[in-house]
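Got a structure for you, questions after.
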Amino acid sequence: MSENREQLAEMADGLFAGLRGGEFDTFQTQIGEAGFGLLLVPESSEGFGGDWGDLATVMRLAGKHALAWPLGEHILAARLLHDAGRHADALTLLAGESSIPWGREAGDVLVERDGQILLVSGEVSAGESPAGEPRDMVAYDWDRAVPLGIEADLFGLIAFLRVCQTAGALDAALELAIEHTGQREQFGRPLSKFQSVQQSIALLAVEAAAANCAAQGAAAALDRFGHGGDARFEIGAAKLRSNIAIKVGAALAHQVHGAIGFTQDYPLHELTRRMMGWRSEGGNDAYWSARLGAQTLEWGGQGLWDQITRRTDPG
Amino acid sequence: MSENREQLAEMADGLFAGLRGGEFDTFQTQIGEAGFGLLLVPESSEGFGGDWGDLATVMRLAGKHALAWPLGEHILAARLLHDAGRHADALTLLAGESSIPWGREAGDVLVERDGQILLVSGEVSAGESPAGEPRDMVAYDWDRAVPLGIEADLFGLIAFLRVCQTAGALDAALELAIEHTGQREQFGRPLSKFQSVQQSIALLAVEAAAANCAAQGAAAALDRFGHGGDARFEIGAAKLRSNIAIKVGAALAHQVHGAIGFTQDYPLHELTRRMMGWRSEGGNDAYWSARLGAQTLEWGGQGLWDQITRRTDPG
Amino acid sequence: MQTFAVHPFEAPENAQSIRSDLRAFLAQHQPDKDPVLRANCWTEFDPAFSQALGAAGYLGMLWPSQYGGHERLPLERYIVLEELLAAGAPVGAHWIADRQTGPLLLRYGTEEQREKYLPGFAAGTMYACIGLSEPGSGSDLASVRSSARKTDAGWVLSGQKVWTTGAHISHAMLALMRSEESSERQSGLSQFLIDLDLPGITIRPIIDMFGTHHFNEVFFDDVLVPHGALVGKEGEGWKQATAELALERSGPERYLSSHALLAAVIDSLGPDASAEVTATIGRLVSEMWTLRQMSMSVAAKLASGVDPVVEASIVKDLGNTFEQEMPLAIQAVLDADLADGSDLSRLLATLLQVSPSFSLRGGTREILRGIIARGLGLR
Amino acid sequence: MQTFAVHPFEAPENAQSIRSDLRAFLAQHQPDKDPVLRANCWTEFDPAFSQALGAAGYLGMLWPSQYGGHERLPLERYIVLEELLAAGAPVGAHWIADRQTGPLLLRYGTEEQREKYLPGFAAGTMYACIGLSEPGSGSDLASVRSSARKTDAGWVLSGQKVWTTGAHISHAMLALMRSEESSERQSGLSQFLIDLDLPGITIRPIIDMFGTHHFNEVFFDDVLVPHGALVGKEGEGWKQATAELALERSGPERYLSSHALLAAVIDSLGPDASAEVTATIGRLVSEMWTLRQMSMSVAAKLASGVDPVVEASIVKDLGNTFEQEMPLAIQAVLDADLADGSDLSRLLATLLQVSPSFSLRGGTREILRGIIARGLGLR
């Protein structure tokens, strides 16, 4: 990790840890003051000038700390507004699908319609995610929509956010599992000394590792191919893999925790409930497997390997 | 198990165990002499008068002993010939798909074409199953085909045979696993005393159990609805489940055996290699999941439960 | 070797009329229930429903009529359970009393205990809970520290039970207590049936991750219970509690408790569903059909007087796995925004959250597989 | 906590030219190879191919030129391995000498040993095998009973090794022997590099379930080897053998060894494949792409001088699982009669048979997960 990114990670880690259990408005102030909203805005425009790897780092930590704030949607919106030569006054969010996290709090929303990226607002009907977070449907006022004249793969970018958050949440669940099984005794020895518990935790670590590597791979593709849609192959592969990681990992984390993992007071559910929702956001398994499969069949057998290597080789 | 069926099982178990490693021609003589070919032919026609549960019992044992002879195909052909008022002189087999086990040895073959069951022969091109058993393609001589004027779901019946064989083969693999891990020591104690080995064998037992119950359920449906195609729901559900059981079970059986399981001298591969082939015979996962899914969607949510219960309730 | 010797389920001749009667009953008592409540119905407490069920003769079905029972056949009861679960009926309130506490009293209880509790259980008006787990015990259920001290006036109970499902709506707890001082592990334990309104008992909710209240901590602070609260023999508590757990083995709840989701998804799709969704439904139905064959075989074996320990553990393990994977398999292929507020999305979202807990039901996966391994002679 | 700290793979600038050179080489040397031989290519012995590969500079790539090596960069070698495996090239003959024995000699060997073996290894004309397992040892590799007795004339070796891959085509075996009488477990062991043409050595084939010969039993009947056959320090054999196994961690073979099947299936399908097949391809490609990210990260970390034990074990475990499931996943959706004699059917049938063995490669699943658990501080 570069030194800049390390500093960024340290700052995000501290801030998000401190925000746990806090209020939406406080978050907004503190995150705003820390300048996270401008993560992807170039330094020349007084932003942080970060790249997609930096965003992956920050979103991973948001996932790790179960951050209850639409940070990724906000960072992306700020970047796209900047691409369009604009600046947001109120909280602007990026919308990749019909419902939007904390839509009720947003001033404007960036939405794709008929291939155009529009800045629009609308009437909100409150809803919630499986984790019980606000996730609202918006009836957009298309008549007042402003076309931004930029290109961006909004749906893919939402998928990317979820992959990064999953990477952090699975690592956090792994940490809880290690801590819990090290402390709890059964039949006279710590749970962590039972072979079957060790095997389960190892498997959880494997899934967390897969999600983390997938997130990095997708970030590298965005850094190389930009956010207009050319990184869709890597984003899709990463999202599909991270959906699998959630399926396997969440079950394992709860399994080694036993009943305590389902209580309100224990923090595991803050991670697992969110992850369960993310599996449906930014494309579920069927969505991405169909697209990746079709892309692969178009490339052909040797073509698949050509493409996979060419997309990471220099030049 | 009825007393009749117990006797049948005892006879089959002994005979098939004795045939292991023998020659095709010997099999034919001995199986013929024991009268297994007439298992489903009514007693009034000098057959055994067995039902589909009896066939399940026999085929389960054929699977258990890795019987290298197309017994099921032969029993079914004899029954259908009887349905058509005919009698076979040479070895007649039933063909459910393009290749036929031991097609080279068959006199005639029963095939479905354009909705008709035909008795036909043809030119054989030798092939082999993944287990290395003869499995031949036949170029049928349609001009000399004899329509039998009966109805039977040939493809479904082949699927049923494979389900029953899988039930026996998985139980046999389980038995080998228990025996092997009880005898082999590692780190100073039998393998079977390691928790992770126990968990793997337990899971193998679960899959073997599922295959056995699926086979019985399909046999019960054939007994109730006949072999004309009305038992397709149960046969399909059983075949799909037994395909899963092979996938999980074969891997577990080899895993607990380690390297020895892959040697020619150890009998595990006689079971697992056959099972791997059976997953593709009588319909693979995609074939049956599409059909079961479509049938279910036609029934609807409440209808599914209505049908599932009605099909086992008396009356 | 045949681990799972399949036992044919000879369905009672009146099976269809049992089903149609019960379906009519449900149509009357649950006409417009929120679909979300039909998910994981087995833990849903609805005393009014339980009482109606009791009045209609669907509780204590196998018990002698002198205790309010109905002297029906085991497989008749099995069919009733199947129908209740498939319909997603809220059976949580009476579940333990009907399935475990009642049968245990018939086996080990005194005449007085039977007369006191069974009629209420069968009427669906009295409920029971199980006091086994203690803080820190986890799967090690023999690590009981709660104590029962014999005095002239009765037994004095002290200690704490935890994860007690439904203690807050139950009238009595069947608790395992250490009745012999400084005894260890499985020895020196006894079972007591404790009226939960006695002085010295405190019930504190454990709120689960959805903010709902199923579990409790129950504290016993020198609670005096009469001598007649002892169930069975003093010091035989472990054996009896094991038998009590074995009664978990009788039913189809391991694969039908969230059947409502499967039915709802199917109804939402219609015949022109995508190939991937259709195939997923096909796979789930194959698994469900197979589990039903397995569960019926266990029920038939139990009805014939055999206790199929290994077979029942196999069904539990497989059933837990099936119900845990079903919502995730549906989510993987269903094109739905889970926040759209539709019944189906809410049902799916609920089960996605609950599903990881399914591998803890009826003993964790490791314990169930350990029981199977023991049955296979490996330990 | 971040178990798998992702290390960026800075691909060498000449990556594309390395690939195109190698692809041209393969097109020349493997023009019409039976596709079935491309499956599980990593175990396929083809000395002529290995020799051509050596002549073209693709073996001993990292070794000093004085020993016939080519002093290339680790990630250049990684790219070569990727290409060889993805193409299904028969790399079995030289694999162990190039991956393990050679590097071990560079680390622990004497000058004499290096000069004797490394040039032949790098030329693809000399092959090596590993003598670790013994009858009954299973995963307990420290239970070595084969002995080495020091005499004036040299060491006298007695005992038996088993499951020795490629002993019958190898020139030398690097064997772990008990060099200190009545020592126990990991202590008192030493490594010897043994020329397999010495008197007293008997190599017997172990025929696998397909009738093919990869494994061997190797018997040592008072075999006299010179003192110079001792590798590294006397009594340090366990430590060295562990380092030797660690060299297994470097490559992409855990997820690419049966890539040929995936490529063949894709080519057989074309863009109008069924939805289920297409989705399955998508899932496999997602897994494969992720494994490549993981494998490249491990390679990059190794290249930077760190030994990522846990990360490498994670990739091995996941790679084994992926390759084990791939043929079954394809079989589940591919409409094919496996006996139809087509290349694809034969390839699929072959891998279906071999695939269960993949969970034994590089340590069984339990051992790999044990290493991961240890890395997490659980043991």
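For clarity, chains are labelled A, B, C and D in written order, and residue numbers in each chain start from 1.
Note that a residue touches a chain if its C-beta (ideal position, glycine included) is under 8 Å from a C-beta of that chain, and two chains touch if they have at least 3 such contacts.
Chain by chain, the UniProt names read as follows: A, B = Acyl-CoA dehydrogenase/oxidase C-terminal domain-containing protein; C, D = Acyl-CoA dehydrogenase.
Remember, it's a predicted structure, so these values are computed and weren't measured experimentally.
Enquirer: Work out which chains are contact partners of both chain B and chain D.
Expert: In this structure, the chains that contact chain D and also chain B are A, C.
Enquirer: In terms of C-beta pairs in contact, which of B-C and A-B ranks higher?
Expert: B-C
Enquirer: From the mean C-alpha coordinate of chain C to that of chain D, what's the distance rounded to whole Å?
Expert: Centre separation, chain C to chain D: 51 Å.
Enquirer: Rounded to a whole Å, what is the gap between the Cα centroids of chain B and chain C?
Expert: 37
Enquirer: If you average the Cα atoms of chain A and of chain B to get two centres, how far apart are those centres in Å?
Expert: 48
Enquirer: Between chain A and chain C, tell me the centre distance in angstrom, where each centre is the average of that chain's C-alpha atoms.
Expert: Using C-alpha averages as centres, the distance is 38 Å.
Enquirer: Chain D: which residues touch two or more other chains?
Expert: Residue numbers touching two or more other chains: 274-277, 279, 366.
Enquirer: At which residue positions does chain A touch at least two other chains?
Expert: Those would be 194-196, 199, 285-286, 289-290.
Enquirer: Edges wherever two chains touch, nodes for the chains themselves; is that graph a line, a ring, a star, complete, or other here?
Expert: complete
Enquirer: Contact residues on chain A for chain C in the complex?
Expert: Residues of chain A touching chain C: 97-99, 125, 127-132, 135-137, 184-187, 191, 194, 196, 243, 247, 250-251, 253-255, 258-259, 261-265, 269, 272-273, 276-277, 279-280, 284-287, 289-290.
Enquirer: Can you list the residues on chain D that touch chain B in the complex?
Expert: 133, 136-140, 143, 163, 206-211, 215, 274, 276-277, 324, 328, 331-341, 349-350, 352-353, 355-357, 359-360, 364-366
Enquirer: Would you tell me which residues of chain B are touching chain A in their complex?
Expert: 194-196, 199
Enquirer: Going by the contact rule at the top, pick out the chain A residues touching chain D in the complex.
Expert: For this pair, the touching residues of chain A are 171-172, 174-175, 178, 181-182, 192-193, 195, 197-199, 201-203, 205-206, 208-210, 212-214, 216-217, 220, 234, 236-238, 240-241, 244, 285-286, 288-294, 296-302, 304-305, 308-310, 312-315.
Enquirer: Enumerate the contact residues on chain C facing chain B in the complex.
Expert: Listed in rising order, the residues are 1-4, 6, 8-9, 11-13, 15-16, 19, 82, 86, 259, 262-267, 269-271, 273, 275, 277-283, 285-287, 289-290, 292-294, 296-297, 310-311, 314, 317-318, 366, 368-370, 372-373, 376-379.
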